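Multiple structures follow.
Presented sequentially are two complexes of chain A, the first with chain B as partner and the second with chain C.
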Partner chain A sequence: MKVKYFEVVRTAAVILIALFLAFIIISLVSEQPLESIRIFLWEPLNTKGHIGNVIEMAIPLMFTGLAVSLLFKANLFNLGAEGLFYFSGVIAATLAIHLTLNSFMHPFVAILAGSLVGALLSAIPGILKAKWNVNELVSSLMFNNILFGIGLYILNYKLRDAQAFAAVSFKFEQTAMLTKLLPGTRIHTGLIIVLVLIVAAHFFLYKTKWGYEIRMTGANREFAQYSGMKTAKVIILVHLIAGFIAGMGGSVEVLGMYSRFQWSALPGYGLDGALVAMLAKNNPFSVIGAALFLAYIRIGADQMARFSDVPAEMISIVQAIIILLISAEQFLKFWKNRMLLKEAQRNV
Partner chain B sequence: MSSLFDVIFTTEFAFSVLRVTTPILFAALGALISNRAGIINIGLEGIMLVAALTGVIASAYTGSAWLGLTGAVMAGTLIAGVLAFFTLKFKTHIILGGVAINMFASGGTVFILYLLSGDKGSSTSLPSKVLPTLDIPLLKDIPVLGPILSGHNVLTYMSILAVFVVYYLLKRTPLGLRIRSVGENPQAAQSVGVSVVKVQYTALLLSGFFAGLGGAYMSMGYLSLFTRDMIAGRGWIAIAAESMGRSTTVGTTLTSLLFGTADALANALQVLKIPAELIGTLPYVTTVIGLVIYAVSESRMRGKKLKEKG
Partner chain C sequence: MTSQLLEMKNITKVYPNGVVANQKVQFSLSEGEIHAIVGENGAGKSTLMKMMFGMEAPSEGEIFLRGEPLKLTSPQDAIDKGIGMVHQHFMLVPSFTVAENMVLGMEPKKGVGINYSEAVRMTEEMSKKYNLHVNPKAKVEDLSVGMKQKIEILKALLRGAKILILDEPTAVLTPQETEELFRELKQLKEQGHTIVFISHKLKEVKAICDRITIMRAGKSEGVFLTRDVSEQDISKLMVGRDVVLKYDKISKPYGSDILSVNELSLSDETGKALLENVAFKVRSGEIVGIAGVEGNGQTQLVEALTGRLSVRRGSIAVKGTVIQGYDIGRIRSLGVSYIPEDRMRQGAAKEASISDNLISTQYRSKEMNSGLFLKGKTIGKLAAKLIEDFRVRCSGPAQPIGMLSGGNMQKVVVARECSTSPDLLIAEQPTRGVDVGAAQFIHQKLIELRDNGSGVLLISADLNEILELSDSLLVMYEGQIVAYLEEPSKVTEEELGLYMLGLQRQDDGQIRRAVES
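What follows is the complex of A and B.
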């Protein structure tokens, strides 16, 4: 065992513990635990449709996971992706309803508008942090609720279709909706967009000067400042980019998966993004795997709720355990120390 | 406009302000204690939700509202204990720990509710109990004040009492002194022999205790049953209130009352067709503005001091 593999092993251990816990919960509540566990583990891969579900679910998680990763990388505890995701979705939906464009320009314009709004709104906590050191966590949490209130107002008073039976918007124009990639699934072109974004983010973070400045500011803002970086600018820049990505995620999700806007509560993808970022250790490429994993266990839980007697909400308990353990610095630390000691002895 | 005043200047409205302030005030006091010890507990929303459900379950199975309340408070304290264990022992990041608690609560409560009642929406099938309301003798006969102050749920009176308890606790007791010193400078506190971890444990448990009271009020006073996601942002408003109140007991209490008024207003104005969605954002908007004003004046002061020195 090498120390450098420690983080990988630790992540694997956390996932195993969480899955083990899931099995225990299932065994406690289910009449036929083995069958339930089988559904939970295998059903997401069983049919093409289910694999499609996993990938569809992973798309928004990749967007928010990537956005949160960038913020965390700059050591900014901003949880605003939640509100931005929602509000940009409202913006994209509004344009999807009211614009008349061809089927290439329509989603392009709607998504771009949603992303830009996301970037601008995200910049507010960023500027407040950079200029006056306003705690970005508290301000971003407040913004989540503000954006949700305004978004819900727009839905209920401006977009709502009185003919429909539920609180949903008018139908989007056919031209606005994203193209499906695979027949038999709902996987849409958003998948390509997010994968391109992830590659771009990796390149940006590790191969450009700006990316370097973000990482340095994250590692130690004061040191970065003394070495001549304008950290205030860097903080605003990260907020702009992260807001852009989160906003794009919300817009893509709305246009890719729905034909009407129908979120009357925050969808939760922003906070899930924090979980994805943690599992991915804030690394853009790892975001793909982390998002797929999370989507996998969720679809598994959904299927289990459908075909057995275990409610799907079980998964939120598993998620909570993963977050608590994965961000626990001390968890398995003794083991790392022992490995370090062994390696040191070998080198002597 | 005159109809607006008709709504506000009534004893019913003043009564409803106290009614909706109660859960916010409890949770805000919880946020206050943990923040003074230097740890921000953003899991309040989730703690309240778990406590609300536990209160309903415990009172339904024991047949006693008071045992229900005890159960709710114990559940709140327990969840805060789990958060404390992970953040203080395992060094989980406190914010992420709070996110985990909220995630656990929003799904976990539905999970347990479904197992016990077969319903994912509300606890209508559980025969849960409600905490009593109190008519205060003498006071209830005074015009205007009587209808406003008398006849509230017993927890509403406890929340007012809790303000004084927390004030006394933080200002006048050795524990309060330790909590404040740990929050202001943990190293200095450690150096004079205060166990930082122990104090932070206590503070987090207390914050869970108060949030638990707030949660119990929601399902056993404000309403008489548990419904899915019934806390509906009150935990966040409490954090906002604490932050607007600049981490003082008096400030936190006053902002809680202010936000409670905004909440009551949102309910009352629905009659006048003023969108509740927008009024609901008022506490958060006020908090952001408050934070900015404070931070700007703070950085101005620092700038001045630097200039004077230079």
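What follows is the complex of A and C.
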């Protein structure tokens, strides 16, 4: 076994352990555990509609997962994607309601505006970090609250449709909404956008000098500085890009899945993005698989809640275990050390 | 002579990374003496003391306390046995008061709370008993360095220390504070305490110590009664070369000035001088060495040269360009390369690949960029070539650099810094912690660079290296250049030792030759 496969094996082991524990929990709470597990594992793939659900859910997870991956890659533990995702959704919704444009330009303008607002807002914790070394985790989490508060205010006082029964906005213009790709599902053009973005991010990160700077700054900021890189600029740049992607994710989600803006709480995709990034080891291409996996177990849990006696919240436990084990650096470390030793002996 | 209080017999310490820090060291401590351990940086003083204080376990050998074998697994063990240590960097909580620091970990209790007035009383009592005056209610962050040291000593005494280890206690003190410390130490000695005093300041050692153990390259060079040896004798035993390396160097006339440093002075926030009127130059085709015991301004000099410390007085010019206010990126773009002292902290990004680590100073160049993208093929070729040229043992350019041995990692750092054909290379401890083979290889590369017309500034604590490689040699002591030596390979270690330890100084005219010759 080679050391370079270590992370892959480790991630797989973590997922298996988490699923195994999920089965144990299901066996404990369910009257018919085998049936529940069957629903959990099989239902998400059973019908075209369900597969559609998985992919629909994976789209926003890919956006936020990609945004968070870039930040993590630069060794910035920033969880601000949550607030940006929400707030950019509000911006896109506002433009979807109030602008009159053709059906190509309308979503284009709304999404671009949402993305740019995301980038600019994201730059604030970035600048604070780069100039004054403000802890980005703290500032980004506080920004989540601020952005949620402002977003909710806009929803309640500017966009709210008094005719509707719930706290939702006016209807979007038909021209603003994203086209559905597959009949029978709600999979929308956002899927294409995010896949293009992932490929672009891969090339940016591994094939350009800016990506190289981000990776080196993340691996060892002092080394990057010593080599002559302006690491403060790098940190601001990566915040701008990540904010742009998270903002685009929020805008695309709103225009792709809904006809009114209706989030009266933070949707949680930003924090899920951190989980996706961890599973993907901050690698853009792996974000696709990680997002699909997370969407799959979520839809599985939904189905299970609907057709068996196990509540959907069960999946939070699985997620918690995955986060815990993945972030536990020492987990399986002894095994890596053994491999390292072997490799070293071979090289001598 | 009084009975042996503590003995360390045949102590060998090998660290997991293969560094042999102590080899068959003998050490003994008589009751009621002040015993100095002297030696250069890396001679193994600290390692020996860490074993005495239970911070490290010896790989081989035994320790006896009053004739009984002693097994220490933690500093707590050592404290229980009456051994205390005052570290060079104080272990105090700045926001706590003196009394709170004193009782930390052994607080007098009142119910579930801490009996603060009792802590104050204990502190006052200790302070009176040992005649070490401190204010128990003052906050530690408001106190001077000398006061903090007193608290550290009292802390150890409060925990019942009979043996007190002081790790370079005077390094941070002003001369007045040092005198006060010496008075206090003598008092403690009279009260029956035994003191181990680690230092490389020979005057101080002569002033207060009874016996001296001299260490060199991990081995003990013997124990001496202080009154029997002169400072010169000590210096001779401390500073020495084990193996003499020889390199063939072509002698060529030097070219133009690459680096000129003029009247450079620097001081820290408290006004303590770090560098004083440092002036020298490096010419094309010349290796200028800077020798000196660590902590005599070499680090600050390099920081000033690489743009990390801003220069207020004096000037630094690279090929005629004054680099005041330049950051390291701009300095590098003038043709300067820099091998840093600490390869893990600055010299490399551990998780990144060898190839990524090799291009970090030239990834912006036109050769490596085709418009938007980096040229993968060019980079791959360069990495493969450098790995071959520098004989880096690895599985390939994609291997993370953190998996290489110290010597191979350092070769990557040197390869990167040499690959840009710099006009000036600043090499700070370029072979620290690397094996002999890699060290010789790195030396060859530095000479090659010099033969091709680069100027090299070599800062090193390794005398072998500095005497053999340098074309001219500067010695630093307390932030000043105290000697300029034109033919380093003819200098004896003895002579060098006198300059390094501040026992001798050239006159200003001789030192000026570093700029004028």
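Operating definition for what follows: the second predicted complex is superposed on the first by the 340 of 348 C-alpha atoms of A that agree within 3 Å, B and C clash if a C-alpha of one lies under 4 Å from a C-alpha of the other, contacts with A are read in each partner's own complex, and residues count from 1 in each chain.
Everything that follows uses one rule, which is that contacts are C-beta pairs under 8 Å (C-beta built on N, C-alpha and C of every residue); 3 or more make two chains touch, one makes a residue touch a chain.
All figures in this text were calculated on a predicted structure; none of them were measured in a lab.
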Looking at A:Glu313, would you say it contacts chain B, chain C, both, or neither? Reply first, second, both or neither.
first
Tell me which partner A:Gln225 touches in the superposition: chain B (first), chain C (second), both or neither.
second
By the touch definition at the top of the document, which applies to A:Leu99: first (chain B), second (chain C), both, or neither?
neither
A:Phe331 contacts which: chain B (first), chain C (second), both, neither?
first
Touch test for A:Leu181: chain B only (first), chain C only (second), both, or neither?
neither
Tell me the contact category for A:Ile127 with respect to chain B and chain C: first, second, both or neither.
neither
Partner, of chain C and chain B, that touches more residues belonging to chain A:
B
Can A:Leu79 be said to touch chain B (first), chain C (second), both, or neither?
first
Mind working out whether A:Lys209 is in touch with chain B, chain C, both or neither, as first, second, both or neither?
second
Would you please give the residues of chain A that touch chain B in one complex and also touch chain C in the other complex?
none
Residues on chain A engaged by chain B in the complex (per definition of touch):
29, 77, 79, 128, 131-135, 137-139, 141-143, 145-146, 148-150, 152-153, 156-157, 265, 271, 274-275, 278, 311, 313-317, 319-321, 323-325, 327-331
Of chain C, residues touching chain A in the complex:
306, 327-329, 332-333, 338, 340, 345-352, 356, 359-361, 363-364, 368-369, 372-374, 376, 393-395, 403, 405
Interfacial residue positions of chain B with respect to chain A in the complex:
40, 42, 86, 89-93, 95-97, 99-104, 106-108, 110-111, 114-115, 120, 229, 233, 236, 239-240, 243, 275, 277-278, 280-281, 284-285, 287-288, 291-292, 295-296, 298-299
Considering only the defined contacts, which chain A positions touch chain C in the complex?
3, 203, 207-209, 212, 215-216, 219-220, 222-230, 340, 343-344, 347-348
